[in-house]
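Below are two complexes that have chain A in common, paired first with chain B and then with chain C.
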Partner chain A sequence: MATPKEMLTTWDKVQFGAVLPAFEDPEHKKRSKFHSYNYSVADWRVEKPVFNRELCIDCDFCWVSCPDSCFIVEEVVNKRGKKQAKIVGINYNLCKGCAVCVEVCPTPIKSLLMFPEYVDNDEALKQWPTKDNK
Partner chain B sequence: MAERYELKQKEVWDGNMAAAHALRQAQVDVVAAYPITPSTPIVQNYAQFLADGYVDGEFIMVESEHSAMSACVGAAAAGGRVATATSSQGYALMVEVLYQASGMRLPIVMTVVNRALASPLNIHGDHSDLYLGRDAGWIHIIANNPQEAYDLTLCAFRIGEDERVRLPVTTNQDGFLVSHTAQVVEPLQDEEAYKFIGEYKALNPMLDTKNPVTYGAQTEEEWHFEHKANQHKALMESFPVIEEVFNEFEKVSGRKYNVVETYKLDDADIALVLMGSAYETAMLAVDKAREEGIKVGLLMPRVFRPFPYNEVAEKLKNVKAIAALDRSAPMGTTGALYNEVAGALAAKGQSAIMTNYIYGLGGRDTTVEHILEVIRETEKNAKAGKRVTDLQGFINLRGPKLSFN
Partner chain C sequence: MKKITNLKEFACTPDRFQGGHRLCPGCAHSMIVREVVNATDDDLVISTATGCLEVCSAIYPYTSWDVSWIHVGFENAAAAISGAEAMYKALSRKDKLYNEDRRVKFVAFGGDGGTYDIGFQSLSGAVERGHDFLYVCLDNENYANTGGQRSSATPIGAHTSTSPRGRVSYGEKQKKKDITMIMAAHGAPYVATAVPSTKHWKDLATKAAKAISTVGPTFINALSPCTTEWKFKPEETTEIADLAVETCVFPLYEIEDGRKLRITYRPKDKLPVEEYLSKQGRFSHLFKPENKWIIEEWQKQVDDYWDYLQRREEAGV
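Showing the complex of A and B:
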């Protein structure tokens, strides 16, 4: 992917030591132009992870492991009245399809599985392995 | 807080002990090393200082030199003052990571004890490893004796950590000839030395959780060139800082170092260019040659990278003939020091009759007599006004005469 012309800085303005700054708040943090947040990698994807809410235990492993902060999280109150992060989906505009989330998912039947890009998510959920067939 | 190490005004140290004390006084946060002859005692002594409570820091034992330098890169990126030591094969194994350290602009200090590279295996001193790391983007400083190894290691921290530089630095000393030769060294006291080096200022530390950063970016054809140019500029423009640090060091120690060292060069007709312990041998040879009436002087780039080409050319502008002595197998061309000096002269439109000598490989003795022979041959060239000796000669090599033209 070619970098857009307006993002090409000159030798005297490049990041010192090629060190990339990070973000504090994913929504409001000021990031450099060439930070991965501003630099879409979604078109690298040939397979996509599909998220199965039914099986998810909200361990947040996928959220913490995702290199592109793809997981959409909602704040909910659990049974004991405590605040909890609930994984609700994947932002496919950020996901490059690296499958790290699938690797780290700890549920007996994975709550995240890779499917070809062209498979519809509802269709993918129908094809999900069951206990007898995992 | 680390214990204070009581030092006498004069200590008898070899080069390794001198370097180890310099690392101790710098209060390095992390040393990751894989000891290798002849630099083993640097790491060994340092570990002893740490175990005895003279250092507040971490010593990481690793499984290879590649891991040693990798751990150093990690620790420096995390925001610590970092140092290590190596030689020869270990240096060769580190090379890949040397480029990473300089590219990420991490001011790691490495005390290198120069040793030959195999094969055939050899543990003694020559500059093969120094030449191997030449283009790695590090600052390379040369020490000729234990005192210099100590002084320049202290300076190395200040040079590398200066915000105008922020580059890794090696201090080089010849294996065994310097590293294992005990001499009188006049050290600074701990407080004085630490005051000279100063507190470490971390830049973009990874452990700063308020400002998280990523080290080790990939840059392809659109970016790599710009980053490398930027890095090269830092190296090229480090001379004023190096000079500044050397001047500061003179104020605290009384010992003056220069980017280009010379000996009796002012009125010289011919000059020898060489670095390392042989420079001191050559000093004696120069004195003898001058008794014979040969006006000869010496020049040594104290800093091999960045190479002070302007200053070298300036200092050599009045000499008629120059012999550049390389302590590394040139393998297919003239020696690196010859090339650097020839290039420096050509850039200024100067010319001198230049010859190249290869000496001391694998710790082969180079005596005053040998250097005198070089001086006499160089004198012949100067007198003839053209090169009458061979372009490349070999000093103290057994067998039929070997030379190239």
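Showing the complex of A and C:
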């Protein structure tokens, strides 16, 4: 099996049927350097979504409609003893700033809002609209 | 078959199609792919026809797939997956111990070019031979990867780079081909349509789970709004997919054994097609006074088709 490093030569030395291993260690889900999970598309966006944990109701609409799977999910057990997903944050390496998550957020005051890339996340949380001033 | 009850539980599934791919921001392809591959816990083998998904998810030397994935030509995604399935069957027959405790499912993804036009012969052949696989068509109604040429999925009046609007032309002149009914006519055990809208996530996920667990060739036609070629803002992707269902431009239904048609979602108030058309830049020229007749034609086609579906569901044939 040829690895990409051996293949990265000139066009006439590229081998047929090479395999890109996605995992270094499939048992423990350790992703290899060839996995695009370890690649950054952060420079694509001019605005970033900021996540407000206090307003979130864990409906997971953003998780299901995010095209880049950038919502970090934690598995917790709820009061009835069933497992449920809790959104804990955004992987800014993978986010392209499409704002689909902000569009689908159902809370009265959105728990996800777009801010310019240069605004710090803590600063953005302070500027969050309140009930009187949506 | 994986039980899909609510989104909170479904979101605990570890993603098998990861980010970092280079699809456009707001592209519906990855929403559909994520839901389909998360709809089962079995091992998957995936083949993808050339198109946006293949080009963007496997830019050398990166891969976005956590499952076995093979890239083949434009025309033979279905042929490759049927070959893989036949190989798996043959090996398990020869050697009883081969992958004994594992159930492997086969899925092929193709764009509308790779399904409606170029890959149609291999898809038709694979369904006719009765291999056990799911084929998902990501229908964005043009060849978006190569610059938005028309395909046989492009609806009437749409502006594409090979059917441009202007003084003489009003855009695409042919009707959209009805691929779902063609696949149902092959006698496939399960055929369905789906959209990547947030409101209908369960519809897509259950259809995918059902199709994957069904033995035999199955087909899902999923509408995939394309921000670049349909010309709308990235955040409106789910909204446009939703409008396509609410206006009955893309009705959600499933057909079992090529006969039993069931409409899975009925809009409460059917919206006029203008709502759907006015959101997209590719149809903006239809709102000029001289092109009004195309919108009327659109409405007539949509009403006729919706009427046909309802009658067919009632008749149960």
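Here is the rule we use: the second predicted complex is superposed on the first by the 94 of 134 C-alpha atoms of A that agree within 3 Å, B and C clash if a C-alpha of one lies under 4 Å from a C-alpha of the other, contacts with A are read in each partner's own complex, and residues count from 1 in each chain.
Methods note: a residue touches a chain if its C-beta (ideal position, glycine included) is under 8 Å from a C-beta of that chain, and two chains touch if they have at least 3 such contacts.
What you are looking at is a predicted structure, and each value in this text was computed from that prediction instead of being measured.
Asks: Which of the two partners, first being chain B and second being chain C, lies in contact with A:Asp68: first, second, both, or neither?
Replies: After superposition on chain A, A:Asp68 lies in contact with chain C alone.
Asks: For A:Glu47, select first, second, both or neither according to whether it touches chain B, chain C, the two together, or no partner.
Replies: Neither: A:Glu47 stays clear of chain B and chain C.
Asks: Quick one: is A:Leu20 in contact with chain B, with chain C, with both, or with neither? Answer first, second, both or neither.
Replies: both
Asks: Any idea whether chain B or chain C touches more of chain A?
Replies: So, of the two partners, C touches more residues of chain A.
Asks: What part of chain A is shared between its chain B contacts and its chain C contacts?
Replies: 8, 20, 22-23.
Asks: Which chain B residues qualify as touching chain A in the complex?
Replies: 103-106, 166, 203-204, 210-217, 219, 222-223, 225-227, 229-230, 233
Asks: If we count contacts the way the header does, which residues on chain A are in touch with chain C in the complex?
Replies: Interface residues on chain A, with respect to chain C: 4, 7-8, 20, 22-23, 29, 31, 34-41, 44-45, 58-61, 63-70, 73, 75, 78, 82-85, 91, 93-100, 102-104.
Asks: In their complex, what parts of chain C are in touch with chain A?
Replies: So the residues of chain C in touch with chain A come to 7-12, 14-15, 17-23, 25-31, 34-35, 57-66, 196, 198, 201, 234-239.
Asks: Flag every residue of chain A that touches chain B in the complex, lowest number first.
Replies: 2-3, 8-12, 14-24
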